[in-house]
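Some structures to go through are shown next.
Look at the two complexes coming up: chain A is in both, with chain B in one and chain C in the other.
Let's turn to the complex of A and B:
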C-alpha cells in the first residue's frame, strides 16, 4: 500500500531501533586496528601551560601515542571564526587554557581503559591566572583578558536602528525598562559525541565517521583548520544518531582533533565522549543578559523597543557563534506589530565552556525577555496580559508581513491561534478560579507566550554580525539549499538519498511518504538512506539537521526530486501510449489516460524501459532513472546594506497558555495545565509533528525549571553530572495539550514549515509569566531562571521580610 | 572471595539471550562494555556511566539492572537478557508494537533500556496506574519524546494484558 503526505504513517525507523539493530557511531568498527583515545582536560579555568610531561604515561603497556598542543599547532591552523577579531581557537589548548575541561592532551591506547590509566600519569605544569565567568564583569575595562592579542573580551559588538525608534520613545506615554538574565544550559542527548578518524598518508586523506549532523558549512571550517581541500576530509555519518537537539554540531573541533591524532599516531582512532566531558566541555546555549526598554501608549500599544543583549560565548568564540545573537534577528519583535526597533548586540568571552547551537538557537534568550515584558507592561497598565497581546499581535490580513529588521513572515493567523489557546485553557473561568483560590491562601497563575518560530535558516543571516562595510568586502551569503536524490533500479525498487542527517526526527518515514505519494508507489518499494557521506551524498553548505529545516527545505528537496522522476516516467509513457502528458495520471502501479482509463502501461514497464530497453525511450532522453533536486528558498537573500535581513525561509507560530500553582511556603511550582497551539503550515506527518513538539517542550520545560550549567567564581562547573544537572523525567513532566492550526506557507511546495523548536523558545517565558501572575498578590517579580523552589522561596521571603520592616 | 591481579583475566560462565558463553574478562571491565565489545551486543547503549540515564538497562536473572554500574565478572553464573533477546518474547513484541503506535521513540538511543525496565515492570505490576508507570519510567532519561508516548504505550500493553487474563 502507498502512503500519503499528511498521514500519521508509522515510522520505518522503529523496527531496527527496537531490535537493538540501530547503527550508532559507537557501534561502528570500520577497521580492525582501531585504537581508542582519551582526553586530558584542564582542571583550571584560566592558566598558562608551562610544561607537559608524558614520559611516564608512554611507559604504560598498550599506550601507543600521546598528542598535545604542539602537534596540533603544527598540523592545523586556528578555526575560521564568524567575527573580524583574530580569535585563535584550536582543537586542543596550545599554550593556555581558558575553561575548565579544555583539552590539553590526547592519549591513544589499545582500549579506553588503558588510555584513561595513562591520563593519570601525564603531568602538566600550569600557572594559574585570574578568572572571569560573569558576562557583565568580563566587559569591564579591568577584567582579566582571555585572549591577550585582542586586549578585550568583547569580540563582537553591533548597533542596529530600524524605523523611527527615538521618535517612538519621545512620543511614548510610558517607557518601561527591565533587565533579564537567561542561564547557560545545554542539550543533553542520551548519546554523547563520537568520532572515528583515519588518516591515510599515501593519499593525504582524512576519513571521519561521527555523529556530527551539520550544518555542513562547518565542513569548510574543518578543512580550513586542517589545511586541506574539500575531498581530503571525507565525513561519514552513520544511519542513526542518538539525539542531538543541536549540540552535536559542536562536535566538529573533535573531528579535527581526532583527524590530527590519527595522523600523528598512525592508526585509526576512536573517541567516544563520556557524560562528564559532555557537560563540561562539549557545547551549550549561551547565558545572556538583556536590557530592554519598551515605548508604550496608554492603550497598551507597544510602539518601540530598545534591546541590548550580551551573550556569554565562553572561552573561545567559535563558529557558528556569535550567531546566537543573530539567529532571531529578523524576528526580534516576535509576534507583534512593532515597527521601531533599536538593538545593541554584544558577544563576550569568559572562562566558561564555549557555546553553540542548541534547540531554539537564540529563541529562548530572545523570547524570555520579550514575553516577560508583555506581562510586565500589562501589569503596569492594569490590563489583562491577553488583552495587551491582542492589541499588539500582527493582524491576520497583513501577511506576508515584513518586520522592522527585515524578516518576511510568510503566513499566519495569530489571533485565531491565540483564541484557540485561551479557549482551551478556559481563560475567563481560570481568572475566577484564581480569585477564589486566593481567598483560601492559594496562589494560582496563568501565563501566555506568543512566539514566531523561524525555520530553515538563511545562510546569510550569520553575516549580520559584520558591518555592511565588512560584508561588502567578501562574497555575499544567501540561500538555504538542500539536495535529495530519488532513483529507481531495474527491479523497480525506489532508493531515496537524503542529506538532512536526522537525529531522531523520522526523516526516513516522511521522505518515503512523500515519494510514495508523488510516484503512487507501494511503501515497501521505497527505501530511504539517511546516512550522509560528503563524497557521495547530494549536499550543500546548508545541509544538515538544524533550524527545523526538514519541514520547509529538506522535504521540499525530496518532493522536487520525486517530481523529476515522475515527469520522466510520464514522458516515457507519453511516448509509448501516444497520449499527451497532461492527460496522464499515475495510480496503483500504472500510468493511464485519464480520459480512457483502459489505456495504460505499468510502472514496471516504464522503469524497465529506462534500464533494459533504452532504444524505446523518447528521442534524446537519458537512460536510467536517477534524479537529484536542490531545493532553495528565494526569500533567503543576503543581508541588505541597511542591515535588514530575512533570516529564515518560513515562520510558524506558537501560543502557549499555562496555569500554575505556586506554593508560597516552599516556592515550588506545580504546573496545572500546559496548552500549546501551533501553526506550522501543512503537517507532513501529524504524529511525528506532535512528537517533535513534545520533545521541544520537554527541553524548554527543563530549561525553565531545572537545567543549568552552574559555575562558581573560579570557573569550576558545579553541575557536571546527571546527579547535579537535572533533566526532567516522566514524573516532572506536566499534562500537555497540543492543538494545531494549519495556515500553509505560500513559499514551500507542500505548504509545510518547520517545527519542534518553538516550545523550547516559549516554555521558559510562559512558565515565568504564569509564576509571576501567581505571585502578583505578593508583589514578587521574578526575572531569572531556572524557576527552582529555593530561588522563588528566597524572593518571597525577602519580600515578606521587607514588608514586615516597612510595617 | 576469589582474588585476581589487575592484569589477570577471570573466566566467567554466563547465559546471554539463551546462548551460553565461557569468556575470559578483565576484572575491571564494565558489564555494559563487555556486552557491547566482547559479545557484540551493541543494542545496549551507554549514556552516562553513572547510573542515572538508564540507557544501559538489561535483565539479570529476571531483574532490570544498569549494566554500567556492574562489572562483567559479576554475571558469572547468571542469566542475562538484552534488547536483542526481547525479539523472541511475547511481551517484548507487544511493547514494541505499542511503542511504535504511540510514537514512544525518536532517536531510539534510550529505548532499549526503557523496554527492559518495562518488561520487568509489567511482569511485576498487573494493574499499574499511570502514576506508577511514570514512577518506574522516572529511572530513565529520554530527551526526545517528553515521555508521553512511552507512558501511553506501557499503559496500553498493561491494560490489554489484563483483559486477556
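Let's turn to the complex of A and C:
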C-alpha cells in the first residue's frame, strides 16, 4: 500500500529502534585497531598553563600516546568564526584555559579504562587568573580579560535602527522599561557526543565517523582548522543519532581534535563523551541580559521597541555564534505589528563553557522578555493581556507581512489561532474561577504567549553580525539549499538518499511518505537512507538538522527529486503509449491515460525500460533512474545594506495558554492546563508533528521550571550532574493539549513549515506570565528563570516583609 | 562554603598550641593521611586519600601556617589537588584558656572547590568538611589525653 502526504503514517524508524537494532556511533567499528581516548580537563576557569608533565602517564601499560596543546597548535589553525575580532579558539587549550572543563590533554590507550587512569598521572602546573562569569561584569572596563589580544571581552557589538523609533518614543503616551535575565541551560540528549577518527598518512586523509548533524557550513570551519581541502576531511554519520536538540552541532571541535590525535598517535581513535563532560563542556544555550523599552499608546498599541541584548558566549566565541543574537533578528517584534525598532546586540566572552545551537536557538531568549513585556504593559494599562495581544497582533489580511527588520512572514492567521487557544483554556470562565479562588486564599493565574516560529534558516542571517561595510568586503551569503536523491533500481526498488541528518525526528518516514505519494508507489518498495557521507551524499553547506528545516526545506528537496523521477517515467510512458504527458497520471503501479484509463503501462515496465532496454527510451534520454534535486527558497536572500534581512524560509505561529496555581506558602508552581495551538502550514505527518511539539514543549518546560547550568563566581559549574541539573521527566510533565490550524506556506511546494522548536521558545514566557498573573494580588513580579519554588517563595516573603514594615 | 566551630582540648594554651602544629600529631589525626612531610618551618606537604562518594580520590595537599601569634592563633592555608578536582581552604584558629587545664580551640574556615568536586559534589561538601574536621579534633583530643596520661 502506498501512503499520502498528510497522513499519520507510522514511523518506519521505530521497528529497529524498539528492537535494539539502531545503529549508533558507539556501536560502530569502522576501522581496525581502534584505540580509545580520554580527555584531561581544566579544573580552573581561568589560568595559564605553565607546564604539563606526561612522563608518569606514558609509563602506564596500554597507553600509546598523549597529545597536548603543542601538537594541536602545530597541526591546526584556530577555528574561523563569524566576527571580525581575531579570537583564537583551538580544539584544545594551547597556553591558557578559559573555562572549567576545557580540554588540556588527550590520552590514547588500548581501552578507555586505561586512558582514564592515565589522566590521573598527568600533572599540569597552572597559574590562576581572575575570573569573570557575569555578562554585565565582563563588559566593564576593569573586568579580567579572557583574550588579551582583544583587550575586551565584547566580541561583537552592533546597533540597528528600523522605522522611526525615536519619533515613536516621543509620541508615546507611556514608556515602559524592564530588564530580564535568561539563564544558561542545555539540551540533554540520551546519547552524548561520539567520534571515531582516522588519519591515513599515505593519502593525507582524515575520515571521521561521528554523531555530528550539521550545519555542514561547519565542515568548512573544520577543514580550515585542519588546513586541508574539503575531501581530505570525510565526515560520515551513522543511521541513528540518539537525540541532539542542536547540542551535537557543538561536537565539531572534537572532530578536529580527534583527527589530530589520530594523526599524532598513528591509530584510529574513538572518543565517547560521558555525561559529566557533556554538562561541563559540550555546548549550551547562552544566558542573556535584555533591557527593553516599549513605546505604548493609552489604548494599548505598542508603537516602538528598544532592545539591548547581551549574550554570554562563554570562554571562546565559537561558530555559529554570535548567531544566537541574530537567528531571530528578522522576527524581533514577534507576532506584533510594530514597525519601529531599535536594537543593540552584544556578544560577550566570560569564563563559562562555550555556547552554540540548541532547540529554539535565540527564540527563548527573545520571547521571554518580549512576551513578559506584553503582560507587564497590560498590567500597567489595566487591560486584560488577551485584549492587549489582540490589539497588537499582525492582521490576518496582511500576509505576506514584512517586519521592521526585514523578515517575511509568509502566511498566517494569528487571531484565529489565539481565539482557538482562548476557547480551549476557557479563558473567560477561568477568570471567574480565579476570582473565586482568591477569596479562598488560592493563587490561580493564566498566561498567554504568542510567538512567531522561524524555520529553515537563511545562510545569510549570520552575516548580520558584521556591519554592511564588513559584509561588502566578502562574498554575500544567502540561500538555504538542501539536496535529496531518488533512484529506482532494475527491480523497481526505490532508494531515497537524504542529507538532513535526522536525530530522531522521523525524516525517513516523511521522506518515504512523500515519495510514495508522488510516485504512487507501495511503501514496501521505498527505503530511505539518512546516513550522511560528505563524499557521496547530496548535500549543501546548509544541510543538516537544525532550524526545523526538514519541514520547509528538506521535505521539499525530497519532493522535487521524486517529481523529477515522476517526470522521467511519464516521459517514457508518453513515448511508449503515444499519449501526451499532460494526459497521463500515475496510480496503483501504473501510468494511464486520464481520458482512456484502459490505455496504460505498468511502472515496472517503465522502470525496466530505463535499465534493460535503453533503446526504447525517448531520443536523448539518459539511461537509468537516478535523480537529485537541490531545493532552495528564493526568499532566503543576503542581508541588505540597510541591515534588513529575512532570516528564515518560513514562519509558523504558536500561541500558548497556560493556567497555574502557585502555593503561596511554598512557592511551588502547579500547572493546571497547558494549551498550545500551532500553525505550521500543511502538516506532512500529524502524529510526528505532535511528537516533535511535545518534545519541544518538554524542553521549554524544563527551561521554565528547572534547568540551569549554575556557576559560582569563580567559574565553577555547580550543576554538573543530573542530581543538580534537573530535567523534567514524564512525571513532571503537565497535561498538554495540542491543537493545529493549517495555513499553508505559499513559498514551499507542499505548504509546510518547521515546527519542532516553537514551544521551547514560548514555554518559559507563557509559564512565567501565568505565575506573574497568579501573584498579581501579592504585587510580586518575577522576571527571571527558572521558576524554582525557593526563588518564588523568597520573592513572596520579601514582599510580605516589606508590606509589614510599611504598615 | 563557610563554617566555624569550637572544641575543648585537654592541656594548657601553650601545650595545645604546640601540639596542633606537631607534624606527628597532624599525620595521625588527619583523615586518610598517607604521608606527611615538613617542607620547611610551617610548610607541609601531605598525601591524602579520601573515600567519600564524589569527593573520593587521592589528593596532594600543600599546607601553610601563616599569621602565627605564638600560643594565641594562626591561619592555615590549604591547597589540595587530585583527580576529583581541587580544594582551597583558609582556616583561622584561635586558642583561649578555659580553666580546668583545658583550652578552647575556635576555628573559622572558608573553602572553595573546583573541578569535578564542585560540579558533582558541591551539595555534599559542607557535610564532608564537617566530618573531616570533627574526626580530626576527636582524634586530636584522644592523642592529647593519652599524652597527659603518659605524663
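Throughout what follows, the second predicted complex is superposed on the first by the 807 of 807 C-alpha atoms of A that agree within 3 Å, B and C clash if a C-alpha of one lies under 4 Å from a C-alpha of the other, contacts with A are read in each partner's own complex, and residues count from 1 in each chain.
As a convention for this text, contacts are C-beta pairs under 8 Å (C-beta built on N, C-alpha and C of every residue); 3 or more make two chains touch, one makes a residue touch a chain.
Model, not experiment: these values are computed from the prediction.
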{"item": "Touched partner set for A:513, first chain B, second chain C, both or neither", "value": "neither"}
{"item": "Contacts of A:100 with chain B and chain C, given as first, second, both or neither", "value": "second"}
{"item": "Which superposed partner A:503 touches (first chain B, second chain C, both, neither)", "value": "first"}
{"item": "Which superposed partner A:242 touches (first chain B, second chain C, both, neither)", "value": "first"}
{"item": "Chain B versus chain C as contact partner of A:156, first or second or both or neither", "value": "neither"}
{"item": "Per-residue touch tally on chain A - higher for chain B or for chain C", "value": "B"}
{"item": "Chain B versus chain C as contact partner of A:721, first or second or both or neither", "value": "both"}
{"item": "Partner chain(s) touched by A:14 [first = chain B, second = chain C, both, neither]", "value": "first"}
{"item": "Which superposed partner A:699 touches (first chain B, second chain C, both, neither)", "value": "first"}
{"item": "Chain A residues contacted in one complex by chain B, in the other by chain C", "value": "721, 723"}
{"item": "Chain C-touching residues of chain A, taken from the complex the two chains share", "value": "41-44, 100-101, 119-120, 276, 279-280, 712, 714, 716-721, 723-724"}
{"item": "Residues of chain B touching chain A in the complex", "value": "26, 28-29, 36, 41-50, 52-53, 55, 82-84, 86-87, 96, 99-101, 103, 105-112, 115, 133-135, 137-151"}
{"item": "Complex contact set, residues of chain C against chain A", "value": "58, 81, 83, 85-86, 112-116, 118-120, 122-123"}
{"item": "Residue ranges of chain A touching chain B (in the complex, touch as defined)", "value": "10-11, 13-15, 17-22, 24, 26-27, 113, 187-192, 240-243, 245, 274-275, 503-506, 687-688, 690-691, 694-695, 697-699, 721-723, 727, 729-731, 733, 736"}
